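First chain A sits with chain B, and in the next complex the same chain sits with chain C.
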Partner chain A sequence: MTSAVEFRSVSRHFGPVRAVDGVDLTIAEGSFFAMLGPSGSGKTTCLRLISGFEQPSAGAIRIFGEDVSRVPPHLRNVNTVFQDYALFPHLNVRDNVAYGLMVKGVGRGPRHAQAEEMLALVKLDGYGDRKPAQLSGGQRQRVALARALVNRPRVLLLDEPLGALDLKLREAMQDELKALQHRLGLTFVFVTHDQHEALSMADHLAVFNEGKIAQIGTPQDIYDRPATRFVADFVGSSNVLPPALTRALGGPEAWASLRPEAVRLAAAGPVTGPVTALRYLGVGTRVAVRLGETEVAALIPAGQPLPAEGEIVALAFDPSALHVMEGAR
Partner chain B sequence: MRSDRSPLALKLAAFGGLLFLHLPILLIFLYAFTTEERSYQFPPPGLTTKWFAVAWFDRPDIWPPLYLSLKVAAISTVMALILGTFCAAAMSRARFFGRDQITLLVLLPIALPGVITGMSLRSAFGVMDIPFSTWTIVLGHATFCIVIVYNNAVARFRRLSGGILEASADLGANSFQTFRHVLLPNLGSALLAGGMLAFALSFDEVIVTTFTAGQQSTLPIWMLNELVRPRQRPVTNVVAIVVFAATFLPILAAYYLTRGGSETAGMGK
Partner chain C sequence: MSGAVLPARGPGDRLTGLFWRRPWLLLLLLIAPPLLWLGVVYMGSLAALLLQSFYSIDEFSGIVVPEFTLKTYAELFRAQNLDIILRTVTMAAAVTLACAALAFPIAYFAARYAKGPWKAAFYLGVMLPLWSSYLVKVYAWKLILAKEGILGWAAERTHTGFVIDGLLSIPGLQGSSLSTSPIGTFLVFVYIWLPYMILPMQAALERVPQSMLEASADLGATSRQTFRSVILPLALPGVVAGSIFTFSLTLGDYIIPQIIGNSANFIGMAVYQLQGTAGNIPLAAAFAVVPIGIMLVYLWLAKRAGAFDAL
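And now, the complex of A and B:
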């Protein structure tokens, strides 16, 4: 499989700040790739390096094998769905979508026809004459998507595309984006700080921390086998166990992660502690238990008996659920 | 709902203040129609429209100042539109050492009292041996016209959020296309508003003009001179009505234009 985007030890420094610091990355053609991380972790800078709005301080970026380090944004065959959509306020929806064709010199008739086609693709037929100000947030997002797709880019970049939408709309758009990507067979690269979004939409993801990639892999790899404490903390609502506690619970003396859904409450065990909090989540209840310095969460499925706050309990789990991490951080 | 209604006394005071400010304007209109020409007698002994005819047919001395004022206002507005827009573009896009200080310098002419601007320009013209002409008046007016345009343009640049300019480049537009298809249409109403305000300000400027004009007089200065002469005084009022219309209407239009513009330019969030 060809690689759509390739980073070779790419860095981007802003003065003393290392926004992106020696990143190696390969995004396969046709994949739905997520860059996940907290704000300031370098994920958005990476996206802007692909679109060309940032130049690398060091390293090389290739798009379909071509070194694009010196290619300005308007000559790159990638398009972006911007975080705030950045629709042109003075143009109607049809002209917004047709903009990319207009600047290429496509005539009015053909470009409007193609714009309508794109609007149909994002289920906005008949909205062509409206101004962006007259649309809802979800509709604007679809216009931004249609506008970015009209140039038939080889890579579509999405910068926090769903951040401004409410939960229900966001879930619907997640499914739709996924279906659209499948249908068009394009490479999608999207940036998000929402771990659920990244895990459910992407087929590969990179977790960013402080300008570096902390881990790269499939959602399952990353969820089940976080490489570092940071990944375990950020991606899952996983428990992160310090070496002493791992050992006390029957593992080796090393940092380990343990998913709450793998933990059961038991009457007796090697380590016991008081229940400090109960949080009802619908599908179950999250029970926090204090073991020494560490708080460990267990997800108790709905319908099972719950302990009272303050009750002393022990924890039980399948030893295979305990994942030992290589990195200390 | 406690602060919905203000006390009666406050309302009366506000209303009184408004009357105090605006009644004199009505008086100017009224005196354009009075039959008495030597002094402004109240109430007017009679009403007539003959002064409009007198101003139009019998007073050739009105026209040169009117032309000069229109010419000066037009040239300084065009200068301000070009320089003010470029300045705003530079200030809102670039970050450089001393940027805040330069912003202050750009804004200074409008904060400085007109006498200071006028005196400094006059002495500068003297030092450089520049003879007084229409161009020295234009230069004086351009100092504050640029600020007006700059203020309007810089506010719009700020609202434009780099986003749509980047989106344009992302979609394949080069910088000229971005300027032509995105920046200019979005800046248009702000520039129109700034230009109109600048024109209105220049048209009725007196202080800087007195310092920078030689033998010529602009319309406001002609009016000032007319008022001390007890001859056909209502003609001055007729001219005042024309000036009022020429300056107030553009300002009103500018106000509505920028207000409408904020709705379209503020969206996108």
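And now, the complex of A and C:
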């Protein structure tokens, strides 16, 4: 399979700040790729490097094998859905969507027809005459999507496109985006700081930390086998165990991660501690147990007996669930 | 024992409470003085002006006859008066176009690129000329443009005097030097009103977010297309606001054409003479209504052209 986007030790420095620092990255054609990380981790800069709004300080970027270091944004075959949507307020929805065709010199009739087609694709048929200001947040998001798709890009970049939507709408749009990507067979590159969004939507993701990629892999790789403490901390509600505790629980003396759903409460065990908090989550209850300096969470499925706060309990788990991390950080 | 839960209230707190219960009361108190000013003093005098323009002057006694008539307006259409109006409107249009062309790059730089000290320098540079007397500036320009002024001197030294001579031989723009030609009047008008074009333009351009320009480029637009299809339409309300200033200020000014140029009459000068030495208040009022009418037509056209769609 050809790679849609390829980074070869790409860096982008702003003065002394290394926003992106020696990133190697390959995004396969047709994949739904997420860039996940906290704010300031370099994920958005990476996206802007692909779209051409930033230029690398070092390294090379290839889009479908072609070096784009000297190609300005308007000549790259990629389109972006902006975080604030950036819809043109003086144009109606139809002209917003048709903008990409207008600047290419497509006549009024055909470009309006194609714009209507795109609006139908994002389920906004009949909204062509409205101004962006007359739309809701979710509708604006769809217009931005239709506008980016009308040029038939080979890669679609999405910069936190769901960040401004409320939870229910966000979940609905997640499903729709995923379905759309399947239908069009396009490469989607998606920037987000929301772990759940990245894990549920992407088929591959890169976790960014301080301008570098901390881990790259499938959602399952990253959730089950975080490479570093940062990834374990950031991606999941996974327990991060210091070396001494890992050893006490029967593992090697190294940092390890342990998923709460793999942990059970037992009457006796090598390590015991008091229950410090109970949090009801619907599908189960998250029980926090203090083991020395570390708080370890266990997810107790609904219907099972719960300990009281302050009760001393021991932990039990399937040894295969304990994942030892190679990375020091 | 009942301990007071709420803190003790003084007369000031009671007033605050009253305003909280009746928000319109505070609003009324705040807007009453400006409303009185705007409604009575400003609109009232405008109405009085309008009324005067429907009176006429008795040609023998020179006394204003307070009877409704359109005779005074008919006088505006006499060749000599029509000339004044046409000359003033042409000048105002030319000044506005020149101001817009000069102001746009300055405003664009200030809105998009100037940061920190550069921005302060920009504001200072634009506002500084407004701090010195208008008359001083106009007289300074008279010296600059005079035959023996610095422009003439520089042209002589660089052997480019023919450029000025060429300009001064264009029919309608003749004069013995730039300071006695309509070109001089035009240059000084442009200089004096330029800040009033730059500031609203800059404010409008500042409101165009960077992501909108990026979106345009992302969708395949060249810089020129982005300028035409995104920046210009979004800056248009600012351009219109600025042009209202430059256009109406030029329409009403009576000092610059008196000091610089060939002494041809402008609307402002005509009003000044008619209400002063000639004592023809009705015709002066009728002349003063002309710029109001022109501005209303201009705004109507601008609205129809979609200049305010981005607001």
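Note that the second predicted complex is superposed on the first by the 329 of 329 C-alpha atoms of A that agree within 3 Å, B and C clash if a C-alpha of one lies under 4 Å from a C-alpha of the other, contacts with A are read in each partner's own complex, and residues count from 1 in each chain.
Going forward, a contact is a pair of C-beta atoms (placed from the backbone, for glycine too) under 8 Å apart; a residue touches a chain by one contact, two chains touch by 3 or more.
Values in this document were obtained by computation on a predicted structure and should not be read as measured data.
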After lining both complexes up on chain A, report clash or fit for chain B versus chain C.
-> clash
Applying the touch criterion given at the start, work out whether A:N79 contacts chain B, chain C, both or neither, answering first, second, both or neither.
-> both
For A:A133, select first, second, both or neither according to whether it touches chain B, chain C, the two together, or no partner.
-> first
First (chain B), second (chain C), both or neither: which does A:F14 touch?
-> neither
Between 152-160, 260-268 or 296-304, which chain C stretch has C-alpha clashes with chain B?
-> 260-268
Which residues form the common part of the chain A surface touched by chain B and by chain C?
-> 51, 53, 72-75, 79-80, 82, 84, 86-90, 99-100, 102-104, 147-148, 151
If you look only at chain B, which of its residues touch chain A in the complex?
-> 161, 163-164, 166-174, 177, 181-182, 185-186, 263-265, 267-269
Interface with chain C, chain A side, in the complex: residues 51-53, 72-75, 78-80, 82-84, 86-90, 99-100, 102-104, 147-148, 151
Can you name the residues of chain A that touch chain B in the complex?
-> 51, 53, 72-75, 79-80, 82, 84-90, 99-100, 102-104, 131-133, 147-148, 151
Sort out for me which residues of chain C touch chain A in the complex.
-> 209, 211-212, 214-222, 225, 229-230, 233-234, 306, 309-310
